[in-house]
């Protein structure tokens, strides 16, 4: 049992518990703060998994850009703290929770893991081995960012371009949506 | 006027009389009503005499078709049921009895009902009854007979309930109709089976197509027909277990009891059995059942008659008992004596009922024999004719009942389907008959008069001036009595026993056997071929005759000795018998038994069906069904809550379900 | 001239009352409107006598037929009408009952009279339409059109719980009809699939339907038979009937018992059985069992009712059980008896409802215990009551006997046990009907209010006397009446028993009488 | 003994459940959106772990795309929240019932 392993498990546990803490906050802003912590932890996990690009992007884009927007909006709206529960836990929620626990147990056991990997193995994938048709085979394991870039701009070029259009549309859309009301008001006035 | 038209006229004139009285003479004076009604029966009587003593006596069968009634295609042919009449020697006898006794009773009723309001209704019913009864006996096929069969039931229903203001009378009428209906179902089923077997319901067509081979191939079907027919007979002719309606039917006016519930309607079962004799004899099961039922009825009803105190009730149970004798006669294969007893019974029982009616009329509707006595001095004609009727019914030698009853008893022992036990049962019943009839006659007409005292209590103020004036009734009531008394004596000579004929030096069969030969010859042949010859002898006949005469004399003497002191004479025996006496006095509590075993459970089932079946289950399902749909739809509609969170929950559930489906 | 009349007579019969309804609706004076409505119904009746005068009794074809374009020709939906022996009886029953019912409504309907009269005439029109139409869509239109006037008649002029009753009536019937519509639509589609042509012509669909595989037939049979069984009503779909009858006004009850219920049995005989002979054979034991259960069940319940109208309503359940049992015996006796019993039940039960109406109008109660001894006060009433009762208990000499006799006989030939069980219904019938008479007509006249009741008025007496005459006339003249139905029912029986298509054709008056070319003969 | 990426998969699943609970049980749209971010992160973790398991790089590429979509979602979603807050003065998800059947 090496340190990587211990660190990974501790980070994962911390991320899970913190996210649990996050969804039970009354103040949106404190939830956002906890979320930033979760994302940082996740970035560490990515790093341990040798996905360095992912780890960096996680911190820069998520924890940096997206969460800033969140916090900005929260501050803008200046919401009061939310009442967490408006009544007792309903039957439906009990059912849902127990369903979730059930699924967790099933997947958490060896049986569940066997089920998850069963399909993969039959398709020729095996843990630790690189499938024959994987193009990333040609790249060295320690040049992660290079590998990602190569795959992204070769195999996934079209998808990448589409995502850029998506972001463009989202930017325009959010401006339009956020402005709509005042524009109508201006027309009415 | 040809015979066919005469026959049609015989049937239709009573109907005309009924319509006239029922619709057009409602406001007419009583005399007109009575005359029209009586003529509507007397005229057919005259025509009947002309027909029966003319062409019928010479061996013809008159058949006429009034109109096409039912005709439906049947597999490989048609089921044609015309409204056809047929007059042969069997229906001839009944025709004469119905119209003859009927006219006398109409005459009598005119006087008997003189103080009634709206008497047109009574005579309309009575004429309608005669019409139905005539179509019963004249019908050439079962359906026409069935028209009469149910028609007499309805008339009986209406006449029993004639005094409808008392609900008990109406209930008695209803009981009669329903009990008859049970029997009618048997008749219906017998008809359906003959359609199935013969493709026809015409008597002559069935007779023609019923060969021995057909009978042996379809033995179970023939037996079923016989038993179903027996059910019909039991309903109409008041046999066990359906006799219960007849005693209650005495709620009707007395002429009705005399005509319908003694002389004619109740004997229609005997007529039917004789008519179908050619078929019944093919099934020894059916015949034996008929005989056993008949004998049992005879004894059973006679025991009840022993202890009754209502003059009409005694006669009613006596009628049931005598009908049992007739059925017994038919059941053992002696159809001709069944018919002979039918005829003599029609005379003497009509006489007895009319006599009883005469007494009741004179006593202003007092029917309790304990409150009568010594009436023969005040009403000599009624009294003596009643005595003649009694002698006839108990089978005093020389009177009509002697001949017909003793022939039946003889065949009960020695007939084709006879058995000594049947004779024993019959003889016991005859002994009981002797006892109760003599008891009745003695208590009503002889001994100390117990009238005056009872009368004051019975009728109160308005009868005060009547109470000492019990007197003979006018001629319109006594003439029928006298004529019937004559027939009660001579009527039996049509069926002189062979042994006596032999002594008298007469050759061949007696009159009734000869007369009915064409009707029952085929039955006789079958019995001979299948079951061998009757196993009687002259010595046996003499022996049986002597025994039953002796028993009759002993029982009559016993009754006189017992009731010399008055109605309390039997009390000692009654006390000795204790519970049994009370049981018999309550008519064996058969009514209560039926009530408890059949009627009440059926009522409960009906209630249960309504409350549970209809209201709870079906209504429940139907009403809850939509409610269930509403529930489902409301759940479905609640799912469309518009709340994103809820949709997400559903997605979650669906994903879990999908995962479960894929992986497990 | 005659042929022109014959050609248009059915169309006239359908639309004349509709026209009358408009006229009546536009009238000002209520009393005149009543007279006019009766006159229209009488005229309608007289028109319908043309059918009987010119009916060819040797033919099983659809006579007085008319085949006109209606919807766009590509849909195959046409206006086709015609009568054969089966519908002739019921058309005449309808046209004869309607004037009598309108006469009886003089005293029983006192509010919104004109609307009532108009609705009633619309109802008559729809009933005749449903009886004579030979196109499924046309039939369905009339079938549903019957529902609407009846819905209002119960709902507007009914008793205390009329809304409940009429809603129940409506929902029950509509549920059935929708299933039927689905079956028709599927059949329409199947016909197209097989022949490449759309058609709702019943005569052609007979052939299409009879050729379907047994399982398909069974489903289609079940869907149509359910619709008709609800209308009949067959046990266990009968619970709407007592409510509807009890709440309906007298004329509503009479037309409901007299004609509307017959639509169910008519439908079974016209559609379900000949269309799907194979399925009908398979379903026959079930149908007979259900009807026998209904006979006994209805009778026992009727016996225990204290509400006279409810008693008669349940008696209808029992009586119509006989009708359904008879037709599923699949022999001529059964079919003939079933058809005849439809007519008789209409007459005798109609009379009973009218009689109940007579006392209800006087006393405003239907409780049996409120009456008793009416024979003393109302002798003619008692007379009519007894006659109607005897008709209802199927006394020989009344039409009911012929009907029940033929039915039981027919059933007995194939299912002796079932016939015997059904026969107990005859006994129970006597019990409950005589019980009714005992409690209402006989017995002591104790209730003070009953001592002042007037006997039947001449108008009431006329209506009741007419029905009484019919009760007995049908009992004795059955041969000439049933003559009209023999060829039709014989053909029906043959086609059902050979499980082949029911073949009939339109005979259009004035044209040559050669059989109409059936489109799919190629 | 499980390898790191396999444990990663398991954590991703737990995170996903937590996020899902947040979306399902919170009424505040802001919280729901934050929870959605958790969901997306859980997915990312799964992608990266899978990439490690199979030894391919595609999972990480897709993770980048997911991140881009998350950014879009956040932008549009937050814009919507602002618009919503302006019209309804509330960001309670239960106040939005236009889809109710």
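Residue numbering begins at 1 within each chain, and the chains themselves are lettered A, B, C and D in the order written.
What we mean here is this: a contact is a pair of C-beta atoms (placed from the backbone, for glycine too) under 8 Å apart; a residue touches a chain by one contact, two chains touch by 3 or more.
Not measured: the values here are computed from a predicted model.
Both chain B and chain D are touched by A. Looking at A-B alongside A-D, one finds more C-beta pairs in contact between the chains of A-D. Inter-chain spacing, taken between the CA centroids of chain A and chain B, is 100 Å. One inter-chain figure worth recording: chain A and chain D are separated by 6 Å, centre to centre, where each centre is the mean of the chain's CA atoms. Note on chain placement: the centre of chain A and the centre of chain C lie 73 Å apart, centres being C-alpha means. Separation between the centroids of chain C and chain D, computed from CA atoms only, is 68 Å.
In chain D, the residues that touch at least two other chains are 20, 24-27. Shared contact sites, meaning residues of chain C that touch two or more other chains, are absent.
In chain A, the residues that reach two or more other chains under the touch definition are 96, 100, 103.
Here the touching chains pair up as A-B, A-D, B-C, B-D. Listing the residues of chain C that touch chain B in their complex gives 171-172, 236, 238-239, 242, 297, 300-301, 303-305, 331-333, 336, 372-373, 375-376, 379, 386, 390, 395-397, 401-402, 405-406, 408-409, 412-413, 416, 419-420, 423-424, 426-427, 430-431, 434-435, 438, 441-445, 476, 478-480, 482-483, 486, 490, 493.
Remark: chain A residues 92, 96, 99-100, 102-103, 115 touch chain B in the complex. Remark: chain D residues 2-11, 13-15, 17-22, 24-28, 30-31, 33-35, 37-38, 41, 44-45, 48-49, 51-58, 60-61, 63-65, 67-76, 78-83, 85-87, 91 touch chain A in the complex. The part of chain D that touches chain B in the complex is made up of residues 20, 23-27, 32, 93-94, 96-101.
Interface residues of chain B facing chain A in the complex, by the touch rule stated above, are 649, 652-653, 656, 659, 663.
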